[in-house]
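One chain, subunit A, appears in both complexes that follow, with subunit B as partner in the first and subunit C in the second.
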Partner chain A sequence: MAFQAQIFQAVGHQSEDSLATITFLEKIGKVELMSFRVSYRADKGRAKVLSREFSNFNDAMAFEDSLHTGGVLPVQMHYYISDEEKDFKSVMSYIGIIQDNDLYIADESPNASDGSEQLFIAANQLGFKPFYRFRSRILTDIKFVILIGILTLFMITFLFLLFFIFYIKSRNARRERLTEQYIEICREPLSTFLFTYSLEEVKALSFDELAALFNTKDFKKSAFKNTLINEIINLNKNLKGDFKDKLRMIFTTLRLDDYSIKKLRSRNWEMQATGTVEVYEMNIDRAAPYLDKLLHSKNFVVRSNAVRAFLHLSPDKDLSFLSKQSYPLSRWQQMWLYRVIKNTPSKGKIDINSLLKADNESVRIFGIKLVRLLGRMDIIEELSEMFSHASNEEQYEILRTFKALAAHTRIELVHKSFQSDDLKLATLSAELMGVIGNEISVALIIEKLNVAHPFVLEKVMLKSLSYLDREMMNWAVRHFQRPQLESIKLHLNDGLLEHV
Partner chain B sequence: MKDILVIEDDQLILKMVEFRLKKEGFNVCIAEDGNKGVEALEASQPDLIITDIMVPYKSGIEIIEYAKNKYPECPIIVLSALGDEEGTVMEAFNMGVADFVPKPFNPNELAIRVKRLIN
Partner chain C sequence: MYSLLFDILIDLFGIFFLLYGFAVIVIYMTITTLSGLELREQFKKNKFVDYKDVITTPMAPGVSILAPAYNEGKSLVQNVRSLLSLHFSKYEVIIINDGSKDNSIEVLVENFDLKKTDFAFEKTIDTQPIKAVYKSENPSFSKLIVIDKVNGGKADALNAGINVANQELIACIDVDCILAPDSIIRMLRPFLEETHKKVIAVGGGIGIANNCDIKDGTVVKYRVPRTLLGRFQVIEYFRSFLLGRMAWSRVNGLLLISGAFGFFDKELVKKVGGYFPPTVGEDMELVVRMRRYMEEQKLPYKVAFISDPLCWTEVPETEEVLSKQRNRWMRGTIETLQLHRKMQFNWNYGFTGMVSFPFWTIFEKNAPIIEFLGVIYTFILIFLGEFSAVYFISLFVLIYFFSVMLSSFSILFEELFFKKYGRKGELRKLIVTVLKEPFFVHPKLMFWCLKGHWNFIKGIGGWGEMVRAGFKNTKESRQN
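Let's look at the complex of A and B:
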């Protein structure tokens, strides 16, 4: 009884469940992954026909009803889940899962009184379409976008640089070809001017006549002018005699000197430097005033060339501009300047005193060197006066100058500096004493040899002593009995080694 | 017509010298570097050689040595910017060069020296 009650209860439950399932299907209509078909007997019951697939249960029901109405029997509903036919029990269980997890969208809400809920339902029933038509999953990843952006930037920069390199290379190649062409154009006329025309004939030529001989429409172009200037300067360096005068005449008649002076006024340092070299090489005297503001240029190349050119072109070789220079004067510049001064006929009139009074130590040192190199004995007194408050480097140069000029009158100053603790000063003084020294020098050297000194100093002292008084030198070595002195003496007495 | 071989790397100077000597009626053969100079010497004997010391590939000293071995009687004039260096000048004369013309030079003077040596 109880068992039967249980069975009836179970069947009752099952009936309730089936009804609920059907009700649910009717209410919902479309269920995810479910489809329906209706089978019926056609052709007077001889063939079983399966209808087309219905995605909506209500449509399948309507079709079934229509068959019933048409007297077609038997009719049976077939249920499919994921395109596989399932029995009703499976359908009930599937629907149960759908219901429990709310995995369905109602066709219409039973309490749909306001329109917004209906709107949501309607919207939910629409298939998803992205708002942005061309949106892709990749572009939603920000890191990926950044990476692609950076790589793209690199590629663009690379391509730009590549293009730039090719452009510059081709431009340079074009310029080189052009320069070679211009050189070929220049050679013949220059040779003709130099070897066919006399100086007077060249002087008599006008700008148009000269320019016409080059036979080129590019005459007024900067590239041609620069090439022509370079060729003329090259010849000027290698030729002498009236050829230099002819070249200068050609240079000025063709107004290339104006072009070079124009470069001095350029803001580009390379143009300035080129201009200074050109006016220097071609001795364009009237360029001297334009060089004035380049003398204190921040650019070393411009400054060096301007100083050299100014000194070369200015008639009185006034070095006062150097005394105002705040930048140090490099050895290279000093060499350049000395070369210009050396070739000046009026060396005796060059004002070196202004250099000795300069605030710039390197300029003062250069001034001292000039005294030595130009043999300016008249400035020895001034050097002596500045010795006491000069820097170490200046003192060394002064002593070297005294030695070169054999300044005997300065021996007292030399004796004083010999007593100095500065090894180099003492050494230079000892060396100088060997040239201009006297009995007092001998005594001072002997006194100093009483104590051991570094090899360099002892060697110079003994050498000077040997020049002044060889006997005293031998006595000193015997008296002081130091191995170092002995070996130096042997070295000095060796005919071959004494000058080493 | 006398043949003169000129060995000089400076194109402009080379052309100048060539122009000047041709004006004097000489047949001028030019070489821009040491190798071409030696090739020219191998090809034929010139009546006079003018060479610089500092040329590419082979120095002027090597060319002089080669020329003296191959053509001992051929006079050689050295045309060089190293005229201030006594050692170079002495070395050149010791090797048997006939004349040394320092740069900067006067092409007319060079032409006179060439004519004197060739004749």
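Let's look at the complex of A and C:
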């Protein structure tokens, strides 16, 4: 072909490579980033005309051939790589790269002459669908489906949380507003009853008369009742005497006691606990029988509150129910119970003995503490009797009780426990000897000081010795010549450290 | 051959990261559930307690509050006054001046009428020499004891305080913390309530005081901090106290009680040898050692946690200070886990050895390293051309939403149970912080923690300086 001859002329000795390039271009037609144009002189004029751009080499060749055939000469093929015109040498180099890296799609269009046309026609009649489509790839990749599933779940949860947070916030604000409204409704009638009405006048009021004064349609709503109960309880905590009686009268006349007792019968532990707090605070003694079941509740909060309320409301202040309790009595419960007992007018008559005989150790310990805190000297004898078979914890409490009550008659028992190997018991005994000790105590302490002991015991021994016989203490420190005793003596002599 | 080995390694790492990510999601979801249950229970229980009833009870144990102070002269008097006005009858305040270079001791002596005493105590735990123990001549300050000692660090100062303490329980706090008036009785409750196990320590929730209004030693108005770093720490404290510690407390697996506010059984602390001064993570180390002791002695015990924010502290709002703090926390964690590595996956240490300890090793100590490896792994995949953008983006979004979801849960819990940030716009600011945090704060945190690892390896120690802006509003509020 004329064009090939032209090329060979141009590139001379590289004719073989040039031929291979042309053959390659003819074979594949389209090359990535390459385009072609043909230039010629139109109408025998001087100006060269450039054809349109061909992306397929074969189309450009066909156009060039048509110009030849039409007698338009001279014609020339122009090569463009990335829209930039290149000489044939560059084209050869570029094609070389394309070939080396297989960056082309072979033009394997069916050749009618090879007899496979029928096969292609048949293949084209099949319902072909591409196997690798993006969407199907996602759906068939189980890992990806799981990933997207979890992601969606998290996103939904986050959005839900966001909504929920703002919902909770607005709900809380709504509730607070409602409670404030109810408090506002309750405030005036309550202060009227308390400060305008006498107790007799309040007693004379019926439910309807009282309820009418609140002037609200919400009276039957539990939210209103709960607010009213809280308001009454708050006032009850801060007021005394007649006012308390009036508040209690209002509480019962408005049948709020029934409402509280109803809570005691609920299955929900929160309701039960709320009910016990209400009957305890408002002194609703008719609720005592309902508390019986709750005394042995599995729920700590219910049990604690029920025990406290029962003790507060039962007329005889009988503690025997505690001695039957199988659950250990925590120190927290003991604190609560003590507070109830302390505020009981007849606390001196409380039967502590039943507690001391309980099978439950924590109940016995509570009993011992009560002896101490209520100053029950009449039970000292019982404590002495139980000392020998008591547990360590009980023995510690008994000694503390003896100290608090200055149980002088128990000094022999104290001397005995002072000899114990149990450091805590010996220390408590030594401390007690400082209060109820005698000459024998002094001798025992001096004897024990002969050997070095832990700091805490030596400090207590010297302190007790200083109470019993200051001279002996000074002598002991001088005599035993131990730096620890010296420093303790200085500490004991320092007025600022009296209670440390 | 090498190519095959490399491919296998790449695959193995891929599986490891997948499993790790899955474990993180499962564990934190479990933690969220457990904390929700625990918070709900505590919230309900609290409704039935009137702490005023028991504040003056003679049956409660005494508490020694230990507050080490180092160069705190400017704010010390105010802080001590606040500590002396807590609502509880049986407590003492022990201020330990740990060799301050400023005028801390002079300020204390002058303001509280202190006199040197011949205080005798047993040096159960070895400490730096004590120069003097002071008591006040003024009966109004009878609860106050001041120890002046040679500098030895926070742990050493606390040990000196433990030696001098006279009460059954010790409360270790940062002297510049603000305690709620009823904080003592609230913290005592777990010690007194438990009947089947010995409660060895109780941790308390800590709130962030930056930008809040403080009056008479109590936060009266809550505001979120002004800076992103400050706000991020509010969220972080929610996550830490309302999610993490509540959940671990529910399953009795809590390993860390913040050094800023923790109550301990004094006798047990003495038995285990007190705080360990060489470590910068002395708070965690003590709890782990106490747990280790109880497990070895086969004694039933519990480490409890109170979610109510009873203590407020100022947090750093500059990158410089925060980076030092995080670096130190990481070193402290590594040191503790190294010291007690015997407990790791050891049946003899029960739940602590089999669950809590490994959790801390894998998901707290090693988390920054694994995250860093993840980043490198991603770059290797890109280099090898095996990187799937679709997977990467999906995983990234997944982790982002997971993190955002966790933080949102912590905000929800705060809103449900405490409602401290009730002002208009506060909640919105917090949510915006939650959305920003993974991009703007988390990478820095990881870097600081990695630096902590590096410093630990290189043996670079120390506390770094905690520059406090001071409770700016405190004075204003008090003047009003």
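A few remarks follow.
What we mean here is this: the second predicted complex is superposed on the first by the 316 of 500 C-alpha atoms of A that agree within 3 Å, B and C clash if a C-alpha of one lies under 4 Å from a C-alpha of the other, contacts with A are read in each partner's own complex, and residues count from 1 in each chain.
Basically, a residue touches a chain if its C-beta (ideal position, glycine included) is under 8 Å from a C-beta of that chain, and two chains touch if they have at least 3 such contacts.
Keep in mind the model is a prediction, meaning the values are calculated, not measured.
Once the two complexes are laid over each other on the shared chain, residue contacts for A:Ser191 go to subunit B alone; subunit C is not touched.
Looking at the shared chain after the overlay, A:Val451 reaches neither subunit B nor subunit C. By the document's definition of touching, of the two partners only subunit B reaches A:Asn234; subunit C does not.
By the touch criterion defined above, A:Ile183 lies against subunit B but remains apart from subunit C after alignment on the C-alpha atoms of chain A. Set against each other, subunit B and subunit C touch different numbers of residues in subunit A, with C touching more. Once chain A of one complex is fitted onto chain A of the other, the partner contacts of A:Ile142 are absent, as it touches neither subunit B nor subunit C. In the superposition on chain A, none of the residues of subunit A is touched both by subunit B in one structure and by subunit C in the other.
Considering their complex, residues 138, 144, 147-148, 150-151, 154-155, 157-158, 161-162, 164-166, 168-169, 172, 270, 273-274, 277, 300-301, 304-305, 327-332, 334-336, 338-339, 362, 369, 373, 454-456, 459, 484, 487-488, 490-491, 493-494, 496-497, 499-500 of subunit A touch subunit C.
Taken together, the subunit C residues at the contact with subunit A in this complex read 25, 44-45, 47-48, 53-54, 57-60, 115, 117-122, 135-137, 142, 145, 166, 189, 191-196, 390-391, 394-395, 397-398, 401-402, 404-405, 408-409, 411-412, 415-416, 419, 422, 427, 431. By the touch rule above, subunit B contacts subunit A in their complex via residues 10-13, 15-16, 19-20, 23, 81, 103-109. On the side of subunit A, the complex with subunit B involves touching residues 183, 187, 190-191, 194-195, 231, 234-235, 237-241, 243-244.
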